[in-house]
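Pasting a structure here, questions to come.
When the chains are written out, they are named A, B, C and D in that same order, and each has its own residue count from 1.
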């Protein structure tokens, strides 16, 4: 053991176990369901929480698979109908990890039934759905029932620290936002036509799947929203073999039959924020060699930050107020006790992972609910992202014309 | 949710819950105790294990603090005497996370009582203790009772992948091993005299605390052990204020009284392996700006690897068999499905943390025990590290003279 | 001396001195004039050239300053009227390093007078001028009189090697071009209104000054030209103090009087190439912390390259045809004997600078002229860049509408 | 042209041409001779020098090859006997670029004849020679005749800036010096037995060729000299084919005959400076993938610097006095007007190369001579390096025993 750590008094998780429970009902049990569950179960071990999160039930259409998931994570109860989950007495929060077309009905019903909601991103598949969800959340908030959308990358300590630097004025007036989300998992034209490549199920392609994260992160870190966008989208591979199953990255083709790809493979857009910063965004699944490269650079009159999720523990900060001879982008390992969330974990330099971003999301939600505050990002934040996605598609369909983002 | 993942069939953790239990009794509940517990509790959620690990009891001298720990992690039983832990019927493995002076008595008693042992590193405070432990482990192995030492960094996927490259011959004949473990947490001369800075409790300073990891990692990755070493050690700050408590990185001084630092602040050594490679090692707590920089470079006739734990998901590999014009160190993000351990986790590029190295250690131990194999690293591996540590101290005390490492 | 080098036979510069001269007449003697002269004087010392370049005359309006320049570089003759330079018997090439409004008249007159031309970029301030220059170059080529435009970054070995990788098919089908030129020298609102910030003299701001390089580089490396663009431009600081002199980076303000900035501070555009690749470009002088960051990334179906001029000796290459477990961006130090231009210089790893890019430009021009070939980039290449610049401004003025680039 | 630059008044090279000459007589015309000549010829074009350097004669045993060199660089006179060079009336400085066994005789004779001397490193092949040279330099200094040894890497702006940071106290008390010089050009066992691999000609192998640079750089940047060293040296490939010529990196084997390698392939040593810092050094030609990696890290109580010549324009600086949350190694692009030497060159970010380090060496020598000062590094500095080299060899031959470095 290389270093002992005494957690600061105010973060001691020792007492969490004695706190009142916050009971989670999970809808969906694929990749996202598993990382959410791990987050709920890990959060109270490392953070001093006013409520003790506990996943009490999981819901999935296939009882066998849902049952296996429940055994794997030690969840007591299994449901196969999300309506039953919402009706449960032993559930305080509905955690929605199912595809986008079910977000609105589940979230709205849950809020109306007095259950708090954590809903995976993107908020919805259409603007209309998003607006209904926002309306439901506003209504329920009056009753102390809250809603949150799962833009989990906000829980990355380096991202949260970048936001703190902006708030503290360390970047000055923001001039440039440069955001890219680069992946390469469908470069092979024989990668099959999974549901994420079908518009009727996924809504859009790289744009809504990963571009949505960029839109939220840029707004979160800078505090500025896009006023208008000019966009291009493209589908490089228009036909693909049908898949053997609905799998994701590891899916295989079923045979020689091929189907039409109905979503974008890549989306690019540029625009201005309401405060006059210039912004450029790119989301693609065709950037060979880039695996999960969320690259965000912000240039202000007093400084800049740069982040790449492929090195998630690092934030690069340039302090432009220093003498030129000694200024430069500095690599901050965002694992110091004073960094957001980091004090609860290991000694400096030891490194957190993707998992922690979801744990921090769970911590934020738990603390907000205990305090009677609305957790962030709110459904309104989620609806803003939907408005941008819609404006991007409208602009791309209209010769890239500058298209306003309604607010 | 940006990507769905179907775990490969052979890694599905679904069935783990139905497997026979592997019951862990934990001795010690500080930093290491907490990360070990998190590892035992997380491993079966993400790996398909032949046994289902479960921490059934925790032991600590202070019943209140041990009880808080038990509540925090949901551990049913608390003991205050490690002998009681060993006698327990509901414990299969004793997991030793207490200071080094207790390693030998607990481990030997446990093995004799038929309990498997996972013992934190370094194995012991003296060669004599280490040898007794090796003897006990050899004896118990005949009875199917196994021992493992906790050199957890072997569980870093990038390190395990480097080892695979060496085994596959991708580095050719190894010429150079360059290993550094750089930290900076005691640079301030007013940082207090915690127990890690006292020889009677910690054995040695940077040498045994972090240098030990380097010695193990270099041997693990290259398959070569040091034959002789020439060494320097140094204590830069010889007096420090007495601490208010036995804490670690966040300790504070109690008052104006000062005491003697009796361990090294830094240790440097060079040497040769039995196969004729040249090796250099450095362990220090005075490298300002380096937080947990385990930097390992290995140069062979056919290629090289470079690793720094501050970017734990990256391995840099140079393939010297390529044409010179297109060769160079390549940054491999060790999160592909084909990388060691990585297939059980998130999609490529999403990033693992320090926590995972302990989960992988737990997986390795569980699988070995289920298969009746001795888990690695063995106590013999741990004893080798002790021999090097002793040779380093002997050389440093003898004008850096080349000192053989007994085998 | 750490390494001796025997230059390969075919690159031995030994004989250059005995070759027939290539006599250069330089128009302009500021920053660009000085680096061009250094390039002409250095080229024959390190490359085996079929002609021996020699700067025989320099021309500048201010005889004193031109004379100082001539003394500094050992140039025999000074002219104050560029027409005299063109009439000179002892000049074979007119090297144009004056502001853009003089490019067309000098270049056209020189070509008509039978002098080869090297013209700094951007080719001209207007499309009309550029077209006249192209016409003049086409006409003179029939007489064996050639014209080249000074997109000097093509002479960066890493850029030239990237182009070779594309030509060799190592990137496969190109999907993405991502190009940024980031500087920060006018972030301070009190930086004065130098001529580069005045439209009547500079034509445009960041767009034509540095964005032009990106347009050329992207076309050079990929072999693809933009078919249409959608653009934004912005002037962040609209008024600045008047300068004390016409200086550049080190200029100072003359007093309290302020004038209007009439060019863009930043330009962003996205578009498609004729082959269907998606491209994004950004040129800005407001990216705090970025000094001369020409960042170019190209993603193809078989591989990717990444380059940043702030580390000009490095090219990052990802070979996507390797097994995923061992693939990653590799850092190639482009100083091997087999790399473009690099064999003429120092041993591997020793590093070239900005200066070399101009020397390589001089080498390319000299070799082409000796062989009777048209040197590249041609005036046609330069006119293409002008067409893109014009389309960018048109799109920006028309609500970012997708605007075709005429060919 | 992307940026105009007005050089600061005090650096204007305009007047250099009218200054009195400093006439250089060059002994040797291989790689080092060529870069020295380029340096002498370039320096007055970019720096305002009080004397105008000019290479007036070159000396080489082979008149044909020396003549070719003279033509290539425009040098008027050729000599084939270095004694004639020393006797020349038109030579003020003897620039010694021949192998080490000739350093002492030429340097001593030159100083005695009243010629200043610039002598390539390492100063000599033996301590005795070095001491004679130091004595000669001390004697001649009384007559205003000065000597300098060519540790050219001191002219790297990033190195010079690191030294300035140390002098300014920005690193505080220095604790660690970590220096490596890694190359890989003789990894192939069929690379021939060039003169650099023969002890009688080269003195030593990697140790004296590249390790010498490390010893000088560490002393230059920190201002501290080694008090004692403990060392290992190794020859990995003991027999090699005889070469077809005496070439270097590009040499080829003559046939099947093989000879003995009589120098080290690699040298490692550790030690203490007189001020109590710990130091580790490594010089090797077997580090596959490392081309010219001079890696220097210095950790002090107040900060650290890191440098790698493979990115020669960068210095990484960690300011440990900043709050931990915002501290980190920052990448300084050492091309600002305020950086050492950099103001004479291009705008920030444009990048200098290996060549510039020699130009800066020439500038330093010229300015010192004009001012009647002894140029640095002095022969005494060079002799210190020899003492370390000798102590390393003595320690390596004596079981790595700590061996004092005489002063």
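Operating definition for what follows: contacts are C-beta pairs under 8 Å (C-beta built on N, C-alpha and C of every residue); 3 or more make two chains touch, one makes a residue touch a chain.
All of these numbers come straight from a predicted model, not from anything done at the bench.
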**Request:** Please state whether C-D or B-C has more C-beta contact pairs across its interface.
**Result:** C-D
**Prompt:** Farthest chain from chain C, comparing Cα centres?
**Reply:** B
**Prompt:** Taking each chain's centre as the mean of its CA atoms, how far is chain A from chain C in angstrom?
**Reply:** 42
**Asked** Any idea how many Å lie between the Cα centroids of chain B and chain C?
**Response** 53
**Whole-Å separation of chain centres (CA-atom averages), chain C against chain D** = 33
**Message:** Two-or-more-chain contact residues of chain D, please, as numbers and ranges.
**Reply:** 290, 318, 327-329, 333, 337, 348
**Message:** So in the complex, the part of chain D that touches chain A is made up of which residues?
**Reply:** 161, 165, 317-318, 323-333, 336-339, 348
**Fill in**
So, in the complex, the side of chain A touching chain C is made of residues 175-176, 178, 180, 182, 184, 187, 230-232, 234, 236, 266, 268-272, 276, 278, 280, 282, 284, 286-290, 297, 299-304, 318, 320, 327-329, 399-402
**Item:** Of chain D, residues touching chain C in the complex
**Value:** 1-8, 13-18, 30-32, 34-35, 37-38, 41-42, 44-46, 68-69, 71-74, 97, 120-121, 183, 185, 194, 196, 209-210, 213, 245-251, 290-293, 309-314, 333, 335, 337, 345-356
